[in-house]
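Structure incoming, see below.
Which chain is which? They are A, B, C and D, in the order written, and residues in each are numbered from 1.
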């Protein structure tokens, strides 16, 4: 049931180097001394002292510069925990547990022409993935969407490492108008030859991506969210229903068996 | 049962102007805009955000410069609450409820030759009292003591507004050697004519002061401590046994009936 | 914009759902002018007995994570002093007044109720059968459905005032006691009193509270309180005052959704006396979302 | 300097008093290398049933002030998988292994105990009669002294392993159940399981947990846990594992003073996985203050 090898797990402090707005979200750049080696799609359990919250909060590794030890978080302040972490001041130390979970398949597995689909803050982990894909010689085609332009996340970085980046907003304030999953259908012609889909966003987006992947006949992977306590697989708090339960087993753990699952593995709710 | 008049109670934020060490304690200077009018012996319920503690902590008003709106706290970090408050950084805001409780009798009531006796951090409220007494033309004779020199509190300010200041440390590292209450007895000759005693410190000190006051035949007042929740008299959490219970009543409230009591009013434990 | 926060709690029409709970707000005036009594839809005064009670020896309180323990032991000056000194002053203010009633015997409760029956300043009585900090009476009543029923019956005989019964969460099944209270003729329930807890001073090796055990209150117990309200709502038709750890307007709404039509606040005032005022202000926005208060919505 | 932290917990000699509690430390390896299993005097594995149990639908957890609610529903792969996959690996590590046993019926518990009786990797069984998150079994056993006694009797017949009974605080009087367990032949008590609580999402008006109610754990419940240990110590002679909200070495010592000879930690690891290591380190200083562990000192 344990996923990553033991030595992968680190508990460390990292200094906030920058904290800048990115639309309605905040981009935190952390200076990491710890010898971590994360994969795109993995996440961290993040704590900031002086918080009224008791548990840490799961946040995707949005970007990772291994050479300089710079790690980026893209945080949408939605509740007490994310608000508190998102307001960390430069110079402050955050406590991090990770890298956690199973990330996206390797660039090799995603093939020569990967498609990335992100919705809202869900684009966060796609930045790191796109960077790895570009480095492997197969930059992705990327679609990201949000309700409005302020909620598009990771645009700049994604533009730099995608073959092509299409933006969609529901109010039309940036890019094409409509849900990103509808906009994709209008670009179907341009998507011939894609080899896989990697997605992150709300359930509706993942469902639409699953339909798309069936239509295109390519494997699709999505990053999922659930409330978490331990983040390492110990508490079984982050259950996600399996698509095909069996043998008395109905649920997988988002933190340790995911957060990235093949879309056919789990029931998207 | 209510002590102060209603309009006396304020809930306000004050900026930390300075935070400096004073032996093992910290002296915090707060810039107060609120129109408070505290008396020596009164205290504040103090909160600092980002604390793991749930309740505020009672701290005496150690000094008050009404003209400049500068309030001083002298804090001995002994537990989570005092440690957290004592480490507030200049520029930060603290939340204060007060001024609370009944302070020392007025300079008039304390008479022409008041004697102050402080032990350890207990000297904190005596600074404010000494300043008021000096301003009224009757600077006190002051004895303060502690286990060692590092734990003497308020020395400098007390020196400035006392007729005479005697220091005592148990290890002899500053001033005379011995408990302050023993040292006083050696100075008994010099204490003829004193009109009252005001004291603050551990129970042992207050007990010794009571004996001294009986011997000298002068009224004596002490500032007492008890764990507090509300600080305003509402919860009855800060009970102190009455010296002479009666009528089904056995306890007084340190926060609202005190913290300063005539030593004959309460049972010193 | 709808900013009428009024809500019906049994026979009482409250100006807003927030209630100052017994033992945390004295007799209504200690927090003036920061929390004037009319901030609340109702004020419940400190537990009151027939004769004065001295209360427990100190220490009486200990801070705990997100809460506190108290073992006040129901110190109070007795019902006569309440009537003479405190009620007249509180009656001048625009809020409902509820008296929390305590006794060591049924007669003790009945005696207080009898004296208060004719007092127009009192809008309801809250029978405290749930205080963990006294030897006799208090919680020993509240854990027995029969004793609760007997007490309600006896009190009902001497007063027409609405009878609110305040239950303890320190029971195996709160619905059993809630139903017993309903059948015995209670007009409303108040849920919950404190959880029985303790703290030890590791320096001395001794319990910190002189009373050894005390009652746990504050945000720490909120999930337990919410559960009790939800269960009692499902088990009885009585109006419910929900309380335990309330610290925000969102908490108030959660208790209402669980089934409460009045929501008490106590310990959170100690942590920040601005809380009640802030809650009432923020409730306006919540109120504007609904046609009526969403009482019991979580059961749908 | 005395840094031997060993302590006797019933028949078990623990290298230190700290125990990883059931359901919060998986099968011992999820937190490696930050919390290796040998950090603890003993590791209690997840509640284990005869057949695999799927557990409850999500959401299963909610954060609360200084704690959390969980309604995992005892998801586990069943005792056979435990024996084949998890026990051998844990047996290689230098700690005692305790299996938390669950069932929907007496036979369910007995079946698990029977299968584990011959496993040398298992040092004791902890009968979980206190889980609030399953329909049958769990807490419905633990609130009835008769059911607890029957269960212990039946389990005792099939195993010689030490039987620790884990009790629920959701009862009117924990000493009644504790005494029933002692009389029925339990070897030790484990106190406490979670408090029954709930949370409501005010946006949707619905309970947050799919299971509606869940178990409250973490520092919030520590005062209740300490009180239960203190009461059980006074009422029985059984060795006690104290747990509930432990987050520091001082907490461990407080539980020992209340009467525990083993002290569990769960939820606090989620908040900060460094906690167990730090506690064991800090316990050395505490240990050096006493000739022997001050078990039950608060009763003197």
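Odds and ends about this structure:
As a convention for this text, a residue touches a chain if its C-beta (ideal position, glycine included) is under 8 Å from a C-beta of that chain, and two chains touch if they have at least 3 such contacts.
Predicted model, so just to flag it, every value in this text is computed and none were measured.
The chain with its Cα centre farthest from the Cα centre of chain A is B. Put simply, the C-alpha centre of chain C and that of chain D have 33 angstrom between them. Look at where the CA atoms of chain A average out and do the same for chain B: the two points lie 56 Å apart.
Work out the mean CA point of chain A and of chain C, and you get 47 Å between them.
Those residues of chain D in touch with two or more other chains are numbered 62, 64-67, 218-219.
Chain contacts here close into one cycle, and each chain has exactly two touching partners. Inter-chain contacts occur between A-B, A-D, B-C, C-D. The touching residues of chain B, when paired with chain A in their complex, are 49-51.
Every residue of chain B that touches chain C in the complex is listed here, in rising order: 1-2, 6-7, 9-11, 47, 52-56, 81, 95, 97, 226-241, 245, 247-251, 256. Within the complex formed with chain D, the chain C residues making contact are 62, 64-67, 69, 143, 170-173, 195-200, 202, 205-207, 212-214, 216, 218-224, 226-227, 230, 245, 250, 253-254, 257-258, 286, 294, 297-298, 300. Residues 23-27, 29-34, 46, 51-68, 70, 72, 75, 77-78, 218-219, 267, 269-274 of chain D are the ones that touch chain A when the two sit in their complex.
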